[in-house]
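Reading through the structure tokens given below for one structure.
Labels run A, B, C, D and E following the written order; every chain starts at residue 1.
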């Protein structure tokens, strides 16, 4: 479904991603964990073409998005890029809601305009999502009137509304209370049952352990571990144990 | 007073110049703004030169240029009125482009990213997501330009377009009195009060979000 | 003083051009009373307007008055939007270099206007005083060139137009305004007793002519001849009396 | 040509008008902008009227007003030059105030809140936190006003201030030629090219943050 | 140190805080937990005068900040308000870093300008804080160049730099990985040892349990529980058990 090969990315002198290779299979849920600044968000941004890569190859659902030949980075043509775009979705770490649309419109605009879903259908589906996320009574509010957790749930609903085949989350539960984390977890599980592929950057270990088929641990721009949750939490790797140590302590 | 009666046709000309200029230059201004922000120097640099000349030289010279220059080049002139509209449109599109640009550049990059990721095309992103937010932010500097335009219509007289300030000036010298000038001032003030109220209303209307 | 009455050159079709289109387009500043300006009904009227109408009638063509901006009059002429400038147009050597100008048809000396109660009686009284004139007017240019005269003033100020120059005089911004007689008389009549003209001084003995495109000699000659004809049969005197109360026209008189 | 030689003193007057107006009106404009944003109607409404009159009536009338009116009210006039500076300052402070306002209102409210909570006073919050961010956002509309000001200095001739356009107009009339007008146009273009480069430089310099 | 009495706050028709009363004693660490939209951020904002209250009384360190007499809300005079301001600090949920200052300047500006600390001293102290928070190599970066977790740590450092006597945190660890959560926890503990009073809104139950002397559970604008962590986690209250249930599940 998704394959990343030898991806490299620097900001000026700072190399943020170093020779990253990973695969995500159809229907799989993969969590990416790692310390702050290890490049998790940057990796998602590269895959979603919000950053250009310095070298490497990315394939989505069989279509090559970008590859590197003799050191020259080559992106696919626009038709292919647009096809890929429709298959992927991303929930941002800082939400990026549209301030001039109310909650409902934030969610329905993309289905209506991009996927040409009829307005009433889009609104019905949006209301279903809002209900699932406990937000039906805030549907007319504007983003600046939402609490942190509410804004985050709207951002999640907005991405889900497009029904992508692969969905990326950047810390989807960071502003959610445990109760809502549970709700979001439920939603993500139901998506998993519908065979949606998901890649989730998160700091919540228990959440990641619960939801993931596989977990990737990144450190300073490289992938240190790429294995099942059980394997990860029993890893012998020094760095992994150190990182998870704090989590074990916390529990 | 006869002056007020005589003002009717002139004020219609003034209004025509005003509205045609706004319509044309706010569309053209958008393209100019995009050109100015282009990452290709071959587009950006000519646009910068255009902006410099249009904003850097007196409108009065531009009016004369667009009315008289075609004669020397093509041995034909544009009708006075349309030469004036052409000059006003190009001139104002330059000013408006810079205002658009400041507005567009003040929108957080996350808004583009969110729209991109949701699959919005470039045009949709701009018109549905960015522009509505830009409009809210640029109302005050736009009102500056609109109110200046109301008064700049006076310059059309240079190429013989009979707008209102011209009439006032002529009446002033024949009657040896400042009254006509003040009447014209009041006319501009009224027109600009309408512009101001309109901008104020728009601002209030868009105040529902932050 | 005229260079325009020379014989028309062979390929000068300027007269034919005007006769063929059957219309003489007169360019003017319609804010220049009493030569050409708008009356209360917004019609263009004035002394020069009456002259041009009569000339056109005698040439059996129509006449059209096209207000032009003074700053654009050169382009208006050369792009053939107008055929002549007829608007109390002063004859100067500089202008004669670039235009064909008719024989003078009226005298219009430049003079000083002061407030009647100012106590200024002679040009000598202007020493150390502030003098104003309309920017770009003949009076302005003449004084500007006459360094000795200019330096005898405390300050010499260019103001946008004659009306504002007189307003400036009114508020004490200046002590005298240099302008031409015709205009001065017109404004003085609007506010009787307020202003006076310094007697026995003329800054420049300016005369008025009609300006044509350089080389439009045939047309110029025709207009000149028609004016002379009008002088002879008394029409000019009649029109002049209507506007000025006396005959100020000089065309066809002995120089 | 004499014109160019004669231009020196006039162009100094033009530059004086330009710089004095910028200095005074960018300070005054700040107060006007605050007044316009005041929550007290007793401050806000008079400021709105001031803005409407200053932006709504021709600068030329304002120039005449500040030069001629004092005579009828106080039986004394301001020197021409200072009357011009007064009119220009008040006029431009109105335009600049609206630009400040749009800039200030586009700064996220979180910036004020962060500064408040850190104990910054109102003035410090404004000058250290808000204004630097405002400056970056308002450069394009400000460049519009600066470039217009360069050309508006020409209006000072209305009340007899000997700036450069007056000289051009006078020379043009006596020589029956548009050349002096074009020379003045080139002068404005050069001055505005300097203004444009300055704004461009400032924008680049502030591009280090988002 | 802090006392809130009968505080009420509405946004339009929506009553967000209903008759809130609470006390925080000197040197105490109090966590506020509760579902999204229950009014936690609004409460902090009211105490920090970022929202005006509709009625009630707030006292900070013995000084009355605002009180209500016969239904009229009365704030203290500016001198007192300024004194109170200097004693309190707040870390925002969405950071609100100053985009035109680099990391170091973000931290040092307030000490230098408000507390008149000499520049070199302020910078030394800022560097100490950055080191503690693992950010010393990002001191010259601008906010838009920081990862989510980095930005949050800078925001925390900025508040700590002023050494307030009472410090409010709105979800200080929401974008932090477990390792850093541990770091921040250490910093907060060391502050506690210096007798700093702290009020922390958080969704991380283990964090709250570890750090707090007392925990407040808010629901729909009212305080449901105000007790020690042990008492809270063993509460008999229906709503509390329901809310914490998800947490217990997660662990």
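By our rule, a residue touches a chain if its C-beta (ideal position, glycine included) is under 8 Å from a C-beta of that chain, and two chains touch if they have at least 3 such contacts.
Predicted model, so just to flag it, every value in this text is computed and none were measured.
S.K.: Which neighbours does subunit A have in common with subunit C?
M.R.: In this structure, the chains that contact subunit C and also subunit A are B.
S.K.: Which contact partners do subunit B and subunit D have in common?
M.R.: Of all the chains present, those in contact with both subunit B and subunit D are C.
S.K.: Can you tell me which chain lies farthest from subunit D, using the average of the Cα atoms as each chain's centre?
M.R.: When every chain centre is compared against subunit D, the largest gap points to A.
S.K.: When the C-alpha atoms of subunit D and subunit E are each averaged to a single point, how far apart are the two points in Å?
M.R.: The answer is 45 Å.
S.K.: With centres defined as the mean C-alpha position, give me the subunit A-subunit D separation in Å.
M.R.: Those two chain centres are 50 Å apart.
S.K.: Could you put a whole-Å number on the gap between the CA centroids of subunit A and subunit E?
M.R.: The answer is 29 Å.
S.K.: Quick one: which residues in subunit B touch 2 or more of the other chains?
M.R.: 64, 108, 178, 210
S.K.: Do you know which subunit C residues sit against two or more other chains?
M.R.: Residues 71-72, 75, 167 of subunit C each touch two or more of the other chains.
S.K.: So which bits of subunit A are touching at least two other chains?
M.R.: 94
S.K.: Per the touch rule above, enumerate the chain pairs that touch, sorted by label.
M.R.: Touching chain pairs, listed by label, come out as A-B, A-E, B-C, B-D, C-D, D-E.
S.K.: Which of the residues in subunit B come into contact with subunit D in the complex?
M.R.: Interface residues on the subunit B side: 51-53, 55-59, 61, 64, 95, 98-99, 101-102, 105-106, 108-109, 137-141, 143-145, 147-148, 150-151, 154, 165, 178, 181-182, 184-185, 188-189, 191-193, 196, 210.
S.K.: Name, in rising order, each residue of subunit E that touches subunit A in their complex.
M.R.: Touching subunit A from subunit E are residues 11, 33-37, 41, 93-94, 134, 138, 145-150, 153, 170-171, 174-182, 203, 205-207, 210, 242-244, 246-247, 249-251.
S.K.: Taking the complex as given, what residues does subunit D use to touch subunit E?
M.R.: The touching residues are 108, 110-111, 113-114, 116-120, 124, 128-129, 132-133, 136, 206, 208-210.
S.K.: Taking the complex as given, what residues does subunit B use to touch subunit C?
M.R.: Touching subunit C from subunit B are residues 2-3, 6, 60, 64, 67-68, 71-72, 77, 157-160, 162, 166-167, 169-176, 178.
S.K.: Can you name the residues of subunit C that touch subunit D in the complex?
M.R.: 70-75, 92, 94-95, 98-99, 132, 135-138, 140-141, 144, 157-160, 164, 167-168, 170-174
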